[in-house]
Each structure stands twice: as C-alpha cells, then as structure tokens.
Amino acid sequence: MKRLMNPGLWITLLIVVALGLWPTITRNAATRELVFTILLAIGFASSLNILLGYTGYVSFGHVVFYGLGGYIGMYLFKQYNSPLWIAVPAGGLAAGLLAFILGKSILHLRGGYFALVTIGVNEAMRAFINTLKPFGGPTGIELDFSVYKPYGGAANALWLVYYTAFGLALLFIIISFMIKTSKFGLGLLSIREDEDAAEVMGVIAPNLKTWAFVLSAILPGMLGVLFFFKNGNVEPGDAFRLGFSIENLVMIMLGGQGTVLGPVLGAIVYQRLRGLLLVSPLFKNIQLSVSGVLLLVIVLFIPVGAVGWLRNRFPRLRRVLP
Amino acid sequence: MAMLEVRDLEAGYGEVKILWGVNLSLQEGQLTALVGSNGAGKTTVLRSVMNQVRPWGGSIYFLGREVNRISAHEKAAMGLILVPEARQLFTDMTVVENLEMGASSSRALKHYKQNLERVYTLFPRLKERYHQKAGTLSGGEQQMLAIARGLMADPIVLMIDELSLGLAPLLTIQLFSTLKQLRAEGLTILLVEQNVQTALSISDYGYVLSEGRTHLEGPARKLLNDPQVRTAYLGV
Amino acid sequence: MVTKSLSTPTEGIAMILNVQGVTKRFGGLQALTNVTFDLPEGQILGLIGPNGAGKTTLFNVINGVYAPEAGQVIFRGRNMTGKKPYQLAKQGLARTHQVVRPLNELTVRENVIVGACFGRENHRLKQASKIAEEVLNFVGLGGKIDQLAGSLNITEKKRLEMARALAARPYLLLLDEVLAGLNPTEIEYMLNIIRQVRDGGITIIMIEHVMRAVMGVSDRIIVLDYGKQIAEGTPQEVSQDPRVIEAYLGDPKLAKKLMEE
Amino acid sequence: MQFGNLLTSIVDGLLIGAVYGLAAMGLTLIWGVMNVINLAHGPLIALGMFSIYLLFSNFGLNPYLALLIAAFLGLIFGILIYFIAIQRVLGASHLSTLLATYSVNMIIIGIGTAIFTTTFRNVDYSLGNITFGPLTVLGTRAVAALLTFLIAGSLYLFLYRTRLGKYVRAVANNRAAAELMGIPSTQILALSFGIGTMLAILAGGLISTMLPFTILSGGAYELKSFVIGVLGGLGNPLGSLVGGLVLGLLEGIVPVFMPNTWVPVIEFVIFILILIVRPTGLFGVKK
C-alpha cells in the first residue's frame, strides 16, 4: 500500500476531514446541514468523476442512481422497518445493478449519444416510478416520525446520517484514488485518451467501462438513501432532478476533471458560492444566472478546471496532485 | 508575373514541423506539377496556401499580393481554388447542388451559366447524373465532380490534390487530358501528384518535394528523365 | 539486452500467420481483393504499394479493427477472423499506427505500461513499469520517461508507438510506416531497432514507403495495388518487377500516350 | 370510450404533435449543422412563450403578429448566443458543448425566474371551436398545426431551394470543403444557430396560445424534442415533423388504453431503444 502515501491524497482527505469535523466542534445543526450538502456533493462528484474524468464518458443522467437508491431505501424503511445499515448498502447495490445492466447496453454509444441516452434513462425512470403504486406514484413515499426512534430520536438520527455520509465520502475518495493509481484505472485513462488505440493494446474496453460505470453509481445510490431518510419523504421530481446531475458535472469541471482533488474542491467552492449567492440580497434572485455565467467562463476559458490548470502550469504538481 | 508564388514556406501541425522551406512559382497559363512521395508534405503545402493550416513562416503571393493571413473562403472568392485530397464533396447533396456550391463567390456567380455549360461539356456524365446524391457516385465520377465543382468557382488558379488517387488507369488518362484541355484554354493549374510519370508528362514545369523541402525543379520533360527523381521514389 | 528476453521458441518453419482470401469493401470501394499469404515465424515481411493501395486496411483486418467480407485470418493456428482488436492483442499481436496515436495526457512511461499491462503477458503495474523502463531505454526514449506523451515530437512519438507495441511482448508486430517523416539518421536508428527486434524472435510485417529501408531490411516483400497483390518475392525480385515500377512511378506507356496527345 | 372521443383524442394529439415537431426542428437543425446538443433549447422555447405573452398582454398585439416579431428577435438572439457561447467550444469535447449550452440555459432560467417568477401564465386568446361531425377541435390548435406545416414547408424551401439554405447544408455536410469553395462557414454556422433558436421561439409562441406555461415549461418540450429528434433522425429537421406527429399520435392513443402517466414511460423507453439500436434515428442520415 505504498501508493497510499501520496501527499495529494492526504491533502484531499485532510480537507474533507476538517470540513466534516467542523459541525462536531460547533455542535450547530445549521452548520451540519450546510456541511452535509457539501459532503453529499463531494461524494457524488467524486463518483461521477470515475466515469467522466477517468473514462471520458459524460453521464448527464447520473442522478438516476441517486434517485433509485433513495427510493429503494425509502421502500425498505416504510415496508420492512429496515435499519439504516441495511437500507444504505441496498441502495448502493440497486444503483450498481442498474449501472451494470445499462453499462452492458448503452456504453457502446460515444460522445453526445451517450450523454443523450443517460438523460433518456433518467427521464424514463422518473416517469416509470411516477406510475409505480408500491412506490407511491406521483406522491412518493413519506416516512413516519417513528422511524427515527430506534436511533434515539430525530436529532440523533440526523447526526448519524451526517457521520455516515462523512465516512462514505472519505471512503470513496480513497477508492477513487486507488482506482486512478491502479492497473484498472490506467486502462480507464487509456480509454479516455483514445479508446480504439487502447483496444489495440489489449484493453478490454467494454468490460472496463462497465465496471467504471458501476463503481461510479454505487455511492450515489447510497447517498440517495441517506438524503431521503433525512428528508423524510421522496417524490419522483426530487429524486430524478436532471439539474442535480448537471450541477455535479459543473463541480467536476470547476475543480478539474480526472483529478482526485478536483471534484472535492469543485464541490466545496460551488456549494459555498451557491450558498452565498442565495443569501445575498443582490444575487438571490438571479443566483442561477450568476452560476451560469461562471460555468460559461470556465467552459470557454479554463476547461481543465482549477486543479488541471495548476497541473498544467506547474508540471511538478502532477505527482503531488493525482 | 507569377500567378501564385510561395516563398520559404514553413508549416506543421501542433509542434510537428512538416514543411521546412518550400518554394513554388506558377506562371500564367501553365500547368505546374508538384510531385513527391507519400509523406513528403504535398498536401500540407496546399493546406497552408489556403490557410487551412496557418503558415509558420514564409510568404504566399497571389496575383502579386501577399495573402498569408487571408482566410480560405476569401481566397476562394479571389479565385484561388483548391480541389482537395479525397475529393471532400458534399456527399448528402446532389451533383448539381455541389456544382452550385462551387459557385458561391460573387465572381463565380457572374459566370454561373457559362461555367455550368462548360463543366457539363467537359463531363457529360455529370449532366446525366445531375440529380443524384454525390455520395452515391462511383470513385471516378466523384473525382470528376470534385474538379467540376472547382471549375464552377471560376478559378484564376486551380490547384488539384492527388487527382489520380484510387482511380483506374483509363479514367486517369481521361482526367489528365481534361486538364491538358483546360490548360490549353489558358487556365493556370497546379497539379499535386504522387504519380510522377503521368503528372510530369502533361506538365510544363515541375517541382519535386522531399522531406518538406522543394528538392528539385525544372521543365517537366527534363525532370521526367532525371534519374534523381527515380531515386527519390524507389530508393534504388 | 532487452531483446533477449523477448525471444520465443521457433519451431522449424511454423507459420505464425495465414491470411486466406481476405476481401474488404467500403461502400463501392473494393479495398482488398482476395489477399492471401503465409508468414513464417521470425521473418520480416515488407508490405509496399502506392497510396490508397489497401495496406493499412490489411493491417486493420489482421488485427481485428475491421471484419473482412470474405476470407480468414489465422494467427498462430487459431482462426481469429472477426475477433476484436483486444482479443488479438492478448494472443500476442501488437501494432503501431500510421498516424501516431499517443495517449496524450498520460506520461511516456504510462503509455508503455498500458502496452505491458494489457498485452499478451498481462502484467501487474509494478512489473509493467520495469518493462516500460527497459523498452523505453531500448528505443532511446529513456530520457523522456516522465514527460507527457503529447509533448513529444514526431520522431519520439514514433518511437513511443514502437515501445508500446514491444512492451506487450508480442509474437507478431505490425509496423505501419514507422519510418515516415524521419530523417536519414533517425531512419537508420529505427531500422537498427527493427533488426534487433527481429533477432529477438519477433515476426514483423512492415508497411513502408521509404524504399531503400524496406528493401534493405525485409526478407520478403508483398506489393499491393488497388487492393490486389501484384507482386511478391525477395526485395531484388520485386524491385525489378515492371509492374511494381509502374505502380509507383506510374505507367510509362500511359505517360507516353498523354504526351503524344 | 366512444369512437368520437377516440377520434378527438387522436386528432388533438396530432395537432399538438405537429407543434412538438416544430420545437424539435430547431434542436435537430443545430445538431445536424454543428454537432451540438443544445441544452438551452427548453428555455428558448419558454422565451417564445413569454414573448407572445408580453406582446399580447402588454401591447395588445395579435398573438400571430407577435409571433412574427418574436421570430425575428429569436434569430438575432440565437446569432448572439452562437458568438458568445458556442463558437469557442465548437469541435471541443461533447462535455464542453453540452455545458456551454447548459450555462445559457441557467442564465435564461435565472433571469426569467427573477422577472416572471414561476407562476402559471396563459395567453388568453381564443379562436373558438371547429366542429366536423363527431370531431371538435380548438381553433388555436388547428391554427398552430397549420402554421407549423407552413413553417416546416418554408424551412424545407429555405434549405433545399435557396442559395443561403444550401450553404447551410453544405457547411453541415463538410465545413472545410465549404470554406474552400468560398462559403464563409462561421457566418453560416451563426445563422444556423439563429434559425434553430428562431424555431424554438416559434414553437414556444404557438404553444403559448394553447396551454398555460411558466418559465420552466420549456424543459418538458426540450425533452420531447430529444425523443422526437431521435425518432426522426438527429440532424434531419424535416424528420422532426414526422417524429412529432408520431409522438403526438402516441399521446393521443395511449391514454385511451392505460393511465396517462404511462405516456412518458413509453416515450422514453422508445427513445432509449432507438438510441441503443440505431443512434442515427429511424429516418436519420448516416453521419
């Protein structure tokens, strides 16, 4: 495990640990909510980065895994009174399974066509669950307050959810790093750079892509369970909101796609900025427009993102910032 | 006056330099051949003349005017026309539409009718198939259409890249004689070819490109018998 | 020397590759017509012919990029017709590309590691990294090992393609114009590498336009023109063949006819 | 269900489907010409709705006259978007073009929401009903469908019968060759984006005379445009009209046999299947 001694990984983990422990120190519920949103974004963006940044496939409908995980979890809570430690992995498993099936069927599409079909998958899923009686159709699933009882009441349950998300975010940053520095990851990077040339060198692209897709779907599935458990209810419109995927793409772009630190930084900056804009009387109403202008500036002028820019500007940082 | 003159042209892709100093001079009404083996940089010369590849150094003069920074479509409008390698037809459009697209500058539009008639006389096959999609034509017909489209642009200088590539010998003869005819009508032509003998046999003057430089030049008939040309190609 | 470890046991005149009646069309264009040849182990086969003769298409059929409409590709006794490029790579087939295809955002070392990791021998990263260093030193890129592949010049990129292919430790190596665009010194250097690779026991097919080079290094030569084999034999035989001269310089009779007109 | 109701449902579906087709035409024109999936398409449709709404409610303009003004403004706006947000990323990765157009989406929606909020509006304009035997259709719907065919016809004439339109097709087919023939490709691309935008605005304008809407309503039509685009072939604007009619027919028939909520499920499953099996679309041209 010598490769785990990479300073870039530790910087990234340190940032997330500092961020995650902040509410523990303040014991403030508002801070906790704020950081929870950021951790969610860090986890989601880091996962999506495995597909987008390492493999070079743009999944626009990635929120489908988050939504599906959320629904599976909520169904388990409601119907079987399932404990959190079963529902969370179940959500991840469902998301992974869906990704596996999808991976086998849609990953032969490239570029814009792949992006389009992922949008289609998300919309189809949203429409399907909207008709699904066991999942509550358009009204979704609502939890009774009593589900929080086994965790020592709602207040405690919220902290538990928070720490679970914290732990999962850390875990997946490590996983993301391990993937990037592994043989599997090298295969993914070669697919990103030139899929045909990679196949000529013996990279079995269809399999590698599928596993990248699965790995990028599991954490979003689990985070979906956590979020909607905390939320107390889930509806198709909230669970499969296309904008959610795109916001995460923006975070990755902002921080630097294909790097481990990039999505983490991107998530923090984006969420903070959004928070600030929302409370600013001047920008509150056009918060979305300001974000849009920001995104456009990034896409047009620094498409490699902040970390990518640093890596290009100072080549020595390549080793330090994986 | 030279119609088109290229002086010490340098160009490349990314960081890779392909042309290291190319010199060409096209005299009015002459057919000039630029020959060279695969990878010598012939296509790059044409692409940089049209500014599809930005020249790194050197100068390009068209009708005595420096045109280094003028964009491809403006050069075309001035009458400097390239029939590109691999034809590059508008495959989804019909034959007649392709011809129409050739005549897109106001210069060319003035002579649209005459040019269309001339092109149909030169290539009766195109008239027969005027309503067929260009992508469905045979290789030979596509090459005819590519030249015809170039002629529709009412060229002052016509440059043709790899006319004979992938064509059967009989068709090659036919197209080469068409070029001779165009030259006889007074058109200035630059023929870029891998096929040395045939290219030089119909030209007035020739240049041999090798490793990104003009290596040899001279009257075409003289080059045709120059053993150095053969060496440059077969290495024997 | 790295080539020693690349050697594989040769058994008499075993055929490493049989190409039988391969035919490939693109739309109306007949790219390959009934191409047939056998390749004995340990030889260098030169594949020449004018632009657009179908040489690269033949490579693409051999290594599985295209499936042929008719015919078979038998590699080391196995019918590999219609198999995917990665399946052929795992069986011990490596190639370089006419237009180099470096993995630009990866380092030179990483590029070569991909070859070693996913090729025939399926190495782990650590082992592959060692192989990469060896092979890169062998092709003379030892000094550029941690640069990004995209930052190399064309000569270096050609060597990188070569290194990537060699790192897979293939039985058969397809070289598509590795000499194009190189100056005489660089050509000599590359030829030296090619000879050493062959001496190490790797069979080679090379597409080449630099005639002096391909004539000098090949054991046997096949000439393609309009997708058909028009000549085959030793370099001496082929270079005397009037059809070959015609295919390259154009038909002297045709030229004469045009002049008379 | 009675035959008359079924017929009405089908005809209604076809009429609306034609307008869906118009909405998709702009999307697929832009895709075909410059290989860009325009994620700002929905907000542009919404802008079309609000232009008619403003011109009608504030200035009392006839909605169909307002449509003309909106179309012109749309053309200019589209050209502007091209030069600001698209030109620089053309030819870059798909992620870049997708996000560049999405940023335009965010900017429009952000400002739109700030000005109009998200409450429903409608253009209170009626042309009465038209009755043929058992069949009754709303006048505005019939006119909208009629105008759609008119616009589609004009687009066809433009692309296939005018020199400028042929330039658009030539640039779409082979930009480099177009340049060599003297066609200024940058201007043509900008014009194409302008026309694509104009079509979105027109579609939005027509929808506003039929159904209530908010600034966010365009999103749904954008998604339908994707489905239609894939049905009719991305890059084939006239296939979009056929795709739109198919989708409209589906929306007319499906509710007769199963709950309305199944309509989008069926639509998107068809969308996915077509993409998997034949990504160039059912009537698509091979690129």
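To keep things simple, chains are lettered A, B, C and D as they appear, and every chain counts its residues starting from 1.
Here is the rule we use: contacts are C-beta pairs under 8 Å (C-beta built on N, C-alpha and C of every residue); 3 or more make two chains touch, one makes a residue touch a chain.
This is a predicted model, so every value here is computed, not measured.
Ranked by distance of CA centroids from subunit D, the top chain is C. When the interfaces A-C and A-D are ranked by how many C-beta pairs touch across them, A-D comes first. With centres set at the average Cα position, the gap from subunit A to subunit C is 44 Å.
Per-chain Cα centroids separate subunit A from subunit B by 54 Å.
The mean-CA centres of subunit A and subunit D are about 32 angstrom from one another, to the nearest whole unit. Rounded to whole angstrom units, the spacing between the C-alpha centres of subunit C and subunit D is 50.
Shown for subunit B are the residues that touch two or more other chains, of which there are none.
This structure has the following touching chain pairs: A-C, A-D, B-C, B-D.
If you check the complex, the residues on subunit A that touch subunit C are 182-183, 186-187, 189-190, 192-194, 196-205, 258, 315. Per the touch definition, subunit D reaches subunit B in the complex via residues 163, 166-167, 169-170, 172-174, 176-185, 285.
Across the interface of their complex, subunit A is touched by residues 31, 35, 37, 84-85, 88-89, 92-100, 102-111, 113-114, 223, 226-227, 230, 259, 261-265, 267-269, 271-272, 275-276, 279 of subunit D. Listing the residues of subunit B that touch subunit C in their complex gives 15-16, 18, 37-39, 138-139, 162, 164-166, 168-169, 172-173, 176-177, 180, 194-202, 211, 224, 230, 233-236.
In the complex of the two chains, the subunit B residues touching subunit D come out as 50, 52, 71-74, 76-77, 81-82, 84, 88-93, 97, 100-102, 104-105, 108, 149, 153.
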